[in-house]
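Some structures are shown below for you to check.
Shared between the two complexes below is chain A, which has chain B as its partner in the first and chain C in the second.
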Partner chain A sequence: MQLVANIIVLSAIYALISCGYVLIYRVSRVLNLAHGELMMVGAYLLLMTASFTSNPMVAIPVAAVLSLTMGALVYLLLMRRMTGESVLAAILTTIALGILLRGLIVIFFSAAHQYPAVPLGIHSSSVQVLPGARISSLSLILVVVTALVYASLFAFLRLSRWGLRMQAAGQNPLLAAQRGINLHAIYAMVWAISMFTGSVAGMLISLDAGLDQTLIMIGLKAFPAALVGGLDSLLGALIGSLIVAAAEVLLIQYVNPLLADVVPFLILIVMLVVRPWGLFGTREALDRV
Partner chain B sequence: MSDLSPMRVVTALIAIAALIALPFLASGATLDIANQILLATIGAIALMLLTGFAGQISLGHAGLLAAGAFTAGILAQEIAAPFWIGIPAAALTGALLGVIFGLPSLRLRGIYLAVSTLALHFLVVYVGGEYETRRGFSTGILIDPPVVFGFEFWDPVAWYPVLLFVAVIVWLLARNLLRSRTGRAWAAIHDTEPVAAALGINVARTKLWAFVISSAITAMAGALFAYYRGFVSIEAFSLFVTIQYVAMIIIGGMGSLLGAVLGAAFVTVLPHAIEAASALLPSSGGLAGSIFAMNYAAFGLIMIAFLVFEPGGLVGILRRIGGKRGTR
Partner chain C sequence: MSTLLTVKNLHVSYQRAITALTGVSLSVDAGQIVAILGANGAGKTTTLRAISGFIGLDNARVTQGSIRFDGTELARRPPYQITRQGIALVPERDKVFPNLSVHENLEVVSSRSAGAERARLQDLVYTHFPRLAALKKREAGLLSGGERQMLALGSAIVCAPRLMLIDELSLGLAPVIVEEIVEHLKSIRTDLGLTILLVEQSAAVAFRLAEHAFVMEHGEVVLSGSSAELESNDAVRNAYLGTGSEGRRSYRDLAMARDKELKA
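Right, the complex of A and B next:
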């Protein structure tokens, strides 16, 4: 039972992170390898706001709004310039951005392990969720938040005007632009949303477990989840996260704890050999890259 | 390449003279940096062949370097193999891994290929780490310096001519390879695969060749690195190393061997330059801890600057300067 609870929590973490990869890829066909770093930046934004106010009801929303803004700025100031460049150039730009952010974060916040939960006065307690299974209260919140984020993303993409525009831009940018959709606005928005969801994940993880550069690795490990499900499918990201998390928890439990960092990538390799476009991805996406 | 303008000949002669004179003039520390540049050059040329010429994206370069270094280290540790077994064995391991790294390229392109090589990187690093813990070398494997006719290679002065020789050989090999049928086939699949196939090029075999040759050279560079340092640890082959090599070929200039050399030199010297610069600043006490972080930041910034403003890299800048002088 405890294992089941652990799998659910880990898959919620991966799902909350991996939807960021999916959103950006789906709309702009860019693979954002700086997602782990952007997510970490979100967590450090919380650390920063927490140093001004000890009220979590103020600190968390302010940090979230800041991360939304920063996500849009990443597109407007940097990624916009990569429009029309090769796939490789765009990926490399995100990698370079990641390296830059890693350095800047250590310069501004130091590399020490820090706890944003302390100034905010948040204490994590253990909650009985299933018979014989306990998780921390923050993990429970994380699972709930993930469910909320996915529900609102589905609703947003299907029902709202801007969501439909996003879908259109992802399917055919040229036609979308000719119908009067402002592609730059769409792309900026999707970067903002992606950084926002990633940051929420980063904040919740760091409230629970503290904050340092290892957060990047968690972000990177969520990427195989997105790919296993299909890089352009939100539902796929959800299922992929569940698969990757289950495999990781079970293999760590029964085989070897050192496997933790490699399991997601093993699954990734298997998936790339068998069905590169993922469980729910569209096949034609492969030829477009 | 073929035009032998006096300008080029003079530049080449000066460069050769400088390379020969270096060990007599430079201090041990400077020569160590020169050796690191030479090692990086070998690895960068290998990556340039694969990405810059054959057009196959790889994010598994550090994994291949690690594979080479660990092959040499494990052989030295387990059967006390001398370097003349260790280095060819490393190249062979690299070639085999090249086939594995290359197999996904037959079905995948672009980001999917990048991702599969990234995944293989983590796999290789895991196997290396597993070996370290299983055998109880939790901090790393020690390797005795290579001995040739009773002469021990352990200081940078002795290593410099060896590494220079290997780097020159690899460069010549790469240059001739690019002029051969294989090299032209790489150029063809780089541009458009269907057209290459229509021209009668076996696309699958050509791609695999690119991976095999590049990986073999990379693993050899890894083994040389292991012998040079006398020490192998998986810590030395993080994802950042891959990023550094990718940065070398971008900063140097894609699709140019000279670019690989310039990029290798630039990326290797950068951290030393930053360290020297921060030592000059007055209140360097507080900065000392964040030199590592400053390296990262500067590195990211420079990479972005090249990608956005100068996609042709250093070679592109050189060509432009040359063009302005009217040599063309």
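Right, the complex of A and C next:
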């Protein structure tokens, strides 16, 4: 039972991060390889707001709003200039952005392991979730938040006019512009949402386990989850996260704990060979990568 | 009747090398239906895309000339702003969002219309195209060619346009469907007081719909006049209807006659 609980928590982490990869790819066809770094920036934003206030009810929402704003700014100030350029140029830009952010974080926050939970007075306790299975209270919150985020995203994309416009922009940006849709506004919004969901994951992980540059590794491991599910499918991101998390937890338990950082990328390679468009993705979508 | 659209001496080149338009001038009065006729490569679609602001996305640009819509210069404005200004384009292909339902295709439109006006325009679309009303929840990718054309026209109508640009209304559609769409378009035009600029290879369809027409060849307007005048012009009849005074001719004859007679 403990294994099941661990798989659920790890898949929730991957799912919360991988939806950011999927959203940006699905709407703008850009593979954001800086997503792990942006997630980490979100966690550091919480560290920053925690230095101003010890009230988590203020520090967390303020950090979340800052991450939303920063996501939109990344598009408006940087990625917008990639409009009309090749997909490769856009991907290389995200890689460069990621490297830049890593450097800036060391300059501004140092490379030391830090604990945003301490100034906020947050203590994670152990909670029994299944018979014989316990997880930390922050992990439980993370699972609940992931479920809420996915339910909100599905509802937003299917039921709201802006969500439909996002889908329209992803299907045919030219026609979307012909229908009066401001593509830059849509792309800025999707970058903002993507950074927001990634940041929420980063904040919850750092509140539970502390914060340093190794957080990027979790962000990177969520990429195979997105690709296994299919880069343009939110449902795929959920299922992909579950597959990657299950494989990782089981191999750590029964084979070798050192496989933790290897397994997701092994699955990624197998998937790229067998079914490169993922379980729920479309062939057409992969052609554009 | 006031002039709604004026295109003056418009030059467009692709990739700074291929000249597509070499001084197109035309005007469209408010409330009129105007057709642009011409063979493949004459520059008809490029003219529509220049007006609607899309040539920038085709690696093309306006090198000279002006496009004025109701007194406002449109050249170099982004496409979505031109749509919100009141110009809606019905493109030749890729005209619907295939993974969205019929109703969602009408919902995604962002236009000058909002709230009650948007709902009124959607109702108008469903009234004129009852087939769409019956297929509201069907994915647009599963519609027939005619239904897609109806949906494309409907989406453009929800944009609350003052000027609708239609690229190849009849292309690939069965005559009976074209007939149905033309009739609906006429009554929608009356209901909304729409102005329509239509690019059409089928001169028969163009003359049925339009009051005025321009004939384009090699990137410029070579003839213009009322539909009745052009329909009775022997050169146009030979070139585009195949029914000139010399009777029906083969396509090769028509192409040669067109070159000779239009130049004369």
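Note that the second predicted complex is superposed on the first by the 287 of 289 C-alpha atoms of A that agree within 3 Å, B and C clash if a C-alpha of one lies under 4 Å from a C-alpha of the other, contacts with A are read in each partner's own complex, and residues count from 1 in each chain.
Note that in this section a contact is a pair of C-beta atoms (placed from the backbone, for glycine too) under 8 Å apart; a residue touches a chain by one contact, two chains touch by 3 or more.
Every value quoted in this text rests on a predicted model; they were computed, and no experiment measured them.
Engineer: Contacts for A:A176 in the overlay, against chain B (first) and chain C (second): which applies, first, second, both or neither?
Structural biologist: In the superposed model, A:A176 contacts chain C only, not chain B.
Engineer: Scan A:L272 for contacts with chain B and chain C and give back first, second, both or neither.
Structural biologist: The first partner, chain B, only.
Engineer: More residues of chain A are touched by which partner: chain B or chain C?
Structural biologist: B
Engineer: Check whether A:A168 is in contact with chain B, with chain C, with both or with neither, and answer first, second, both or neither.
Structural biologist: second
Engineer: So in the superposed three-chain picture, is A:I91 touching just chain B, just chain C, both, or none of them (first/second/both/neither)?
Structural biologist: After superposition on chain A, A:I91 lies in contact with chain B alone.
Engineer: Once the structures are superposed on A, label A:A133 by its partner contacts, choosing first (chain B), second (chain C), both or neither.
Structural biologist: Neither partner.
Engineer: Identify the partner contact of A:M48: answer first if only chain B is touched, second if only chain C is, both if each is, neither if none is.
Structural biologist: Once the two structures are laid over each other on A, A:M48 reaches no partner at all.
Engineer: Going by the contact rule set out above, which residues of chain A touch chain C in the complex?
Structural biologist: Chain A reaches chain C through residues 84, 161, 164-165, 167-168, 171-172, 174-183.
Engineer: Under the stated contact criterion, what part of chain B meets chain A in this complex?
Structural biologist: 51, 57, 103-104, 107-112, 114-116, 118-120, 122-123, 125-126, 129-130, 133, 240, 243, 246-247, 250, 289-290, 292-301, 303-304, 307-308, 311
Engineer: Can you list the chain A residues touching chain B in their complex?
Structural biologist: For chain A paired with chain B, touching residues are 31, 78, 81-82, 85, 87-89, 91-93, 95-107, 110-111, 223-224, 227, 258-259, 261-262, 265-266, 268-269, 272-273, 276, 286, 289.
Engineer: Please output the residues of chain C touching chain A within their complex, sorted ascending.
Structural biologist: Against chain A, chain C makes touches at 52, 54, 57, 78-80, 83-84, 88-89, 91, 94-100, 104, 107-111, 155, 159.
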